[in-house]
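Okay, here's the structure, questions in a sec.
We call the chains A, B and C, going by the order they appear; numbering starts again at 1 in every chain.
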Amino acid sequence: MGTFLASRVMTDIFGGLATGAVVALIALSLVIIWQSTHVLNFAQGAMGMFATFVGMNLVFHGLNYWLCLLLSVVTGMVLGGVTERVLIRPLYGKPEINPIVVMIGFLGVIEAVIASIWTTNITMLPSPFSQIYYQSAGHTILVSPFIFYEVALVAIVVIAIALLFRRTNLGLQMRAAALAPEVSRLLGVRVGRLLTLGWILSTGVGTLAAVVVSTGQVLAPTNMDGIFVSAFIAAAVGGLESPLGAIIAGLAIGLTEQFILDFWSTSIAPLSGVIVLVIGLSLRPQGLFTKHVSRRV
Amino acid sequence: MFRTVSQRYPTGFRLVATVVLCAVALAITFVLTPLDDSKLAGGAAMSIVILGLSWLIGWSGQVSLGNAGFMAIGAYTTAIWANHHTTSPIIWSLFLSTVLGGVSGFVLALPATRLRGPYLAGMTLAFSFAVAPLAIDSRSLTGGSGGLFINFLNSPSWFANLFSGSDALVKANAQWPADVAIVVAAVAFFFMANLFRSRTGRALRLVRDNEVAAELVGVNLQRTRTLAFVISAAYAGLGGSMMTLLSGSVTPQTYGLTLSILLLTLMVLGGIGTLSGAVIGGLIYSYSDNIVSIVNKVTGVNPTSTFGANLKGIVFGVLLILTMMLAPRGLVGLGSYLRRLVRR
Amino acid sequence: MIRVENLSVSYGAVAALRDVTFEAPTGKITTVIGANGAGKTTLLRTISGLVKPRQGSIRLGEFELIGTATEEIARRGVGHVPEGRGVIEELTVEENLRLGALASKVDLAEGIARQFAQFPALESRRRNYAATLSGGERQMLAMARALIARPSVLLLDEPSLGLAPQVTADMMRTISELCASEDLTVILVEQNAKSALRIAHDAVVLHLGRVAAFGTAAEIAADESLRRYYLGVVT
């Protein structure tokens, strides 16, 4: 058993799923924003990192990890809400490149702001759970308590979001506001607030992912860059409209990248995402998990 | 309606206009200091890339964040070619880089042009991220993370002979690259000015504004979009090649996401989809450090502090956001607005 | 009661409504008829705050609706069944109904039960996606979804569109009954002037954005010279 679990393939599966879980979480956060406001938030990773810097830096000043995590998520939520109100709301009804360009500009600003406020700390952000891999019959298995924490956290958040959207009245109103904003307003749904809420929720989830990614790492403004690209690819291949698609694609991309990394080359790994995207979208340009929507004149 | 000169007159006029404007720019380089000349050279090279991006975004509505990647391909092509054929004239480097930029653009265009808006932007973003690690890893070809170095673009003797005095050679060697860059940019702008007015240009606008209508009048969407993408990538390749020739080196770190964002910023600041916007964008690039140091002075930020070091990114990011939200047609749009105001 | 006074709406240079004045009393059906492009839909959309008028006033009782946000107008008791019905296809029948009730103080379970009693055909399909409904069922769902919040005003935009004559007749009868039993102010926009005039108390005839005639439905129906406005035929 130990040999099997420590075999190269199993090792890659564990590693791939652990990365994939975080990729899936960020992809899910992108889908939430996309569904509510039809904006792809290119600054999602950077916004999460900013909130992580605000909250998690206090760990180095002796504050409890969980308190800092809470503080980070709240910061991320506030940032998301303010961003929607200030940067996105004025752009509704404008050509679709306008919000894309604005969010790319915002990405640049946030990364520069982070780098200018916090001088790079070379101490690693301590993990609340051991990152030492388990042993089985003398073999190292690439699973640690930290990885269990990571996967469990992702699972809890995903289930909570699914319940929110599927089972609650608020979730119903959020779905309706995204699907048919005008009809929703005629039914008295305060659509504007729900769109802001969509951003708040999404950046909260994105921040949680950023904290997880940065745990056990050096805090750096660019921590999220690579994983954000993977998450974008997952969201796009999943079809941007489908939360389930984003999660499945996220896990799949984590696995693919891990296998390519291990069996092929380190440098090809970023490119592998592009390849997955190309193949995925060549099969179905609207994403693998969306119903085909015809375009109107 | 305000019409640009190139709209009213045919190709012949555009040729004369290009030659005159190019001559004026060249004359100016004789007056400027060596420092300004080298700044101008960088701006001219950058304006080529901005023009290619402006064509893609302004005319076809496709947002690419991958043009820094195509620049890298041009930049490396030039460095590798120049190192293997030290005596070959630079026109070959420029030509090869343009072609390879275009070819890699074509490869990426195959899937890319099927994608819309955010999908395309994201995919080219992923490409942007992939280029640097790939360049670092292909050590035997690209020199790894240290990059490659080539000989500086020194002035030929006939050019140096135009100058006299003790610093003649310094002046000539600073001005020659600027003049080369200006001529190359002039050729690129002339070609694009014609492209704007061509059938392809019109077809592209139609595809951007109304796909279905474009298909109805017989425009091949896929081919038109691909062409736009390839031309944009070729311009990036040419600009990247020029950058290597000017700096005498190429490093993978230069061509990352930051550069893609900068390109987008310069293009939007100048004015999307216009020739003059690309020139303005190039000039802003030339003097971006001056702009930042002005901001430094006004705000009293210490340029050597961490905040000062990152001020450039903040200033240009904020400028990009503000321009897009308040004056999406950039400085060119502001210019024509003011002109209309004066006329009234 | 809804009172529209001197209402003018324009889309750019095109005037959609010019100086429209009329009153829709409580407990009665006021039908708005006219040819295509007469401004009927624009009128309803302006009442609901989806279109900003150039000038004029729209009062719900004493409350001025102009300048109030669409969602707040809905929360004040104006139910609007839009053109094309606006059923959200990706949601189930029950979810559509719940959505209608959420912005009001109505008890959810009781409200849904009441609508199922009113429209029994919907009950058997409560868990189906609205996309699977027929035209008549969609119209019922759209009405039920508006009524569940117990509005005081009901705006109906072409409820008969695309329905078979028999279904239309049933629908009109239901509207008539509801108006009386719930004491509703109904504004009914219709292309099908004949069926609308049959159940309406008052009628407004719109022609190119102006009120061509305003009177009781019986008077309007009897006036031969008005037919060319709402039937689009020159006699």
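The criterion applied here is as follows: a contact is a pair of C-beta atoms (placed from the backbone, for glycine too) under 8 Å apart; a residue touches a chain by one contact, two chains touch by 3 or more.
Worth saying up front: this structure is predicted, and the values here are computed from it rather than measured.
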{"item": "Farthest chain (mean CA position) relative to chain C", "value": "B"}
{"item": "Central chain (distance from its CA mean to the mean of all protein CA atoms)", "value": "A"}
{"item": "Chain-chain pair with the highest tally of contacting C-beta pairs", "value": "A-B"}
{"item": "For chain B paired with chain C, centre-to-centre distance based on mean C-alpha positions, whole Å", "value": "57"}
{"item": "Distance from chain C to chain A - Cα centre to Cα centre, in angstrom", "value": "44"}
{"item": "Gap in Å, rounded to a whole number, between the CA centres of chain B and chain A", "value": "33"}
{"item": "Chain B: positions in contact with at least two other chains", "value": "none"}
{"item": "For chain A, residues that touch 2 or more chains besides their own", "value": "none"}
{"item": "Contacts with 2+ other chains: residues of chain C", "value": "none"}
{"item": "Residues of chain C defined as touching chain A within the complex", "value": "48, 50, 69-72, 74-75, 80, 82, 86, 88, 90-91, 95, 98-100, 102-104, 145-146, 149"}
{"item": "Chain C partner contacts - residues on chain A that touch it in the complex", "value": "169, 172-173, 175-176, 179-180, 182-191"}
{"item": "Chain B - residues contacting chain A, complex", "value": "57, 61, 63, 65, 110-111, 114-115, 117-119, 121-123, 125-127, 129-130, 133-134, 136-138, 210-213, 257-258, 261, 264-265, 268, 306-314, 316-318, 320-321, 324-325, 328"}
{"item": "Residues of chain A defined as touching chain B within the complex", "value": "34, 39-40, 42, 87, 90-91, 94-98, 100-102, 104-109, 111-113, 115-117, 119, 225-226, 229, 232-233, 236, 240, 265-271, 273-274, 277-278, 281-282, 285, 295-297"}
